[in-house]
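These notes open a run of structures that come right after.
Next, two complexes with chain A in common: one pairs it with chain B, the other with chain C.
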Partner chain A sequence: MAFPSTSCSVFAQNLSVSFSARQVINNLSVEISSRNITVIVGRSGVGKSTFLRSLNRLNEEISGSRTEGTVKLSFKDGTVDIYRDRFPIEELRRRVGMVFQTPHPIPTSIGKNLSLPLKLVLNLPSRKIDDRIEKALTIVHLWSEVKNRLKEPALSLSGGQQQRLCLARTLALEPEILLLDEPTASLDFKASEKIEDLLSELKRDYTIISVSHSIGQARRIADNVLVMKEGSIIKVLAASQFQEKGTLEDLLNEVF
Partner chain B sequence: MRRSLEKIIVILSYASSVMTIMIFSVFLWFLISRGYTTLNLKLLFGNVSPYGAIFKGIPVWDGVWPALVGTTFLVFISCAIAVPVGISAGIFLAEYATTSRWRSFINFAVDLLAGMPSIVMGLFGFAMIMLLRSSLLPEATTCLLLASICIALLVLPYLIRTTQAALETLPAALRLTGVSMGFTKWQNIFRVLLPYASRGILSGVILAIGRAAEDTAVILLTGVVANSGLPGSLTDKFEALPFSIYYLAAEHRTAEELNRGFGSALLLLILTAVLFQIAYWFHGRISKGSR
Partner chain C sequence: MDTYRCLNDTRKGLVETLIESWLFVAAMISAIAVGAILFFLIYFAWPIFHEDHLWKLLSWYWRPFQDQFGILPMVAGSVLLGISSMLLAYPMGIGVCCCVYGLGPRWLSGLTLMIVRIMTSVPTVVYGFVSVFLLVPFLREFFYHGSGFSWLAATLTLSLLVLPTVTLIVNAQFELFDPEIRLATTALGFSPIKQLIWVVIPASYKGLLAAAVLGFGRAVGDTIISLMVSGNSPQFPHSMLDSIRTLTAHVALVVSTEAGSMAYNSLFAAGIMLFGVSALVNGALRFIRAGSE
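The block that comes next holds the complex of A and B.
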């Protein structure tokens, strides 16, 4: 089945997700364009994270989950209907990278946090692994800070560094779509700013979908804003509609 | 009112921890004051030279060296059986047993096993040997292997429960970390969840070692004897420190013999401390190895 438009990389139709009979995503349909930052906003509990997790089938790891509807993702080599095509779930999750609200480094060294997934998921030889580690850490501006301490425990890094490490770990796997579940929620102002700048750089190469609680952040980084309420997307806003300070707040106030 | 209640709780918890230390100190002082005079090479080797006993295999009849070696073997063999099985079962219960009926059935079985008095476990081992003797293996007799298996059964529930609890209390978001990168379920458990849970699992192993080293009731019925020398194989009878202590204390004729019982108790305490250190060291090695 063809995509509605070529620039679209995520296409969801009549998507519903429930956990043990509690409906969280309710008949949601949306198209998300590629190489853009799309920010999802909405109050707590409207299903923002669940929607993100429905794009890499991560809800299936949570007991009692049930997903209906269609999600199609377009990758460089074709389109996958993720709930119908027999596409390997591990490969899907590699291509749809995800970073969470709280950074969770593997309790090993900084270097191993990046090398382990590359070895386990991609089976890369060690020579290539070193290149990728350097590349990924450079992208997130962490290389200069950690290049001499790759053997030190990852948990010794600061919160902001850990979050950038987790982002690098995801990027090293060379995903095509990036899901971010409030990536700056546990960070201070300075560290958040770094991540925001980073995301604006990254959107040249990735389709980024991020959940955010901060309207200010949405205004600064988003090309599109999806407003969620009661498990559905009730409004789609383009950047041109909220460029001026305060307009996004006003628009959202109307909705809530 | 609420303030003073809070104060009382703080004082009580302080007092409890101080009391724990005090009880341990009194206990240790008691053991040392009674046992230190006997704590020498003669207690271990009797009239045999240590070199001869350790390297030439000269039998020791009036020392606790064979008991020390017997207990060490017992702990290592029973842990070699129980630790892999216990940790695997804990992983299964925490991560794989999804149907609730199956899960509650296993939980029930583990609870029963945990509540089993050790003498019953000893009786079970004894009955098993009787059964084997009258059927497949007429030669079978109580021995080091049987005692180790029964001890392994005894400590299994600790290992299962601590592993299960250590895994189940990990934050839910952590569970998604590995799989979100494309790890398989097992890779996620082995590479992400177990390293996070390893401290908790270690405490279960420590508990198991302590229990295996001190239990007397199980080995009483499954192969321990007062005087057998070093066990030559898994199917030999063996000596063990807790049993030696019991034997020395129950059958003593002089005060000096009773003090040797205290000396042996001190030795058992030192042995378990050393075994705990080995467990910590092993844990350190594993977590370093994954770096």
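The block that comes next holds the complex of A and C.
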């Protein structure tokens, strides 16, 4: 099956995911365009995180999970049918970077949280690693806070700092598609604003799919909003449909 | 309603006090017992700290009928056997844990863990027995050297005994590792092996150290296997096919055969050394635990 259109970078068809026979994603089909921010909204437990995990085959790491259907991702050098093609899974996961709902730094130093993936996943020579670390921490606005404490344990950071660290860790690997599960959940509004600005910048190079519980945030950053209910996407809204304040709330109230 | 809650509270208080005092009594009894053992060991061994006696003990010759009571061969035997069996069991145990922890297929990991758990409940003497009838004759035929009762035979058997200790401690530590962090590193693109070597093992170093220390303690403290398969010659071994005698086996042998006072005295010296090893093991464990905080 050919990709529906060249501007589309994520294509899912009849996707179903279940955990121990309980169906969580239900015959979901969607097209997500590249170099855009797509925000997924929906009630708690509808399967937003599970859907994100189905795009980097991470549900397979959860015992009892079963995935059916088709997911195609288009990268710079071609399209991959991730559940059928024999594409190396580690490389797939590097290209589809994911930041979790709650930050999970590796229990080691702040610096190593960034240098280990660069060394082990990207095989970057050590002379290039320091530069890359500084760059990644700078774009998530964490560099000034941690530059003198890179040797300290990552767990000594605050929740919001850990979240930005995890975002930096993923960005440093230069993915092509970015999955963000509530990237600003534990940030204050100033820091959230900075991350929102960052995402709007990043969408020039990345396809960004972000889960958000904040309708305000969805309106500010989204090019498209996907509304999820009971494991399916029941509505797709384009930015032009909710530019006026209040319209997105009204649209969502109808379907929630 | 209030009276009920009140009543409930006092009852809970009573139970708690009972448990606390019971724990206190138990702790005191064990402390007193350990103290008493140490006291009697030192008390009975006191004569050997007499200068000429001490020199007799610190020699390489155990010939009780010629008035030579050196225990150095046994010290060497215990240390060598402890080290050699750990050199074998430790990497094997960690290998088993890595296999269980995601490197091997899932069915295999469950099976392996079950076998390891069963191994802990097999009486030590069974290992010795099987070894005497299978391993020792095999070594004798294979190497054409001596009787087969040797340092090598004891090492192989003892490492089987220590393997479950190492495996279960390391596995317990691996299982403490937050599965969400594993998922997060998987999402970054880490392969299972890289994840294990660079993320899980460094975070589990305390368990790895504890397994090494406890395993070594267990190997040095074991009596039956060294008694049954090491050959018990009080000598410094020149190859792994030579026979050795450990401190524990020495104590068992001398108690059951000799009655001379100097021979007995040497046993107390051996006892103090073994006590010292176990004190060191405990100290090391404390140190490892404290290292985290």
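Throughout what follows, the second predicted complex is superposed on the first by the 255 of 256 C-alpha atoms of A that agree within 3 Å, B and C clash if a C-alpha of one lies under 4 Å from a C-alpha of the other, contacts with A are read in each partner's own complex, and residues count from 1 in each chain.
The definition used in the following text is that a residue touches a chain if its C-beta (ideal position, glycine included) is under 8 Å from a C-beta of that chain, and two chains touch if they have at least 3 such contacts.
What you are looking at is a predicted structure, and each value in this text was computed from that prediction instead of being measured.
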Worksheet item: Put the two structures on top of each other at chain A: do chain B and chain C fit, or clash?
Response: clash
Worksheet item: Which partner does A:Ala222 contact after superposing on A: first (chain B), second (chain C), both, neither?
Response: neither
Worksheet entry | chain B versus chain C as contact partner of A:Lys151, first or second or both or neither | first
Worksheet item: Counting only touches as set out at the top, which of chain B and chain C does A:Arg93 meet: first, second, both, neither?
Response: both
Practice prompt. Could you look at A:Arg169 and tell me whether it touches chain B, chain C, both or neither (first, second, both, neither)?
Written response: both
Worksheet item: Given the touch rule stated above, what does A:Leu137 touch, chain B (first), chain C (second), both, or neither?
Response: neither
Practice prompt. Please work out whether A:Pro107 is in contact with chain B alone, chain C alone, both, or neither, and reply first, second, both or neither.
Written response: both
Practice prompt. Pick one for A:Glu61: touches chain B only (first), chain C only (second), both, or neither.
Written response: both
Item to complete: Using the superposition on A, tell me which residues of chain A are in contact with chain B and, in the other complex, with chain C.
Response: 56, 58, 61-62, 90-91, 93-94, 97-98, 100, 102, 104, 106-108, 116-117, 120-121, 169-170, 173
Worksheet item: So in the complex, which bits of chain C are touching chain A?
Response: 178, 180-191, 194, 198-199, 202-203
Discussion item. For a test of understanding, state which residues of chain B touch chain A in their complex under the given definition.
Written reply: 98, 171-184, 187, 191-192, 195-196, 287, 290-291
Worksheet item: For chain A, which residues count as touching chain C in their complex?
Response: 56, 58, 61-62, 90-91, 93-94, 97-98, 100, 102, 104-108, 116-117, 120-121, 166, 169-170, 173
Worksheet item: Which of the residues in chain A come into contact with chain B in the complex?
Response: 53, 56, 58, 61-63, 90-94, 97-98, 100-102, 104, 106-109, 112, 116-117, 120-121, 151, 153, 169-170, 173
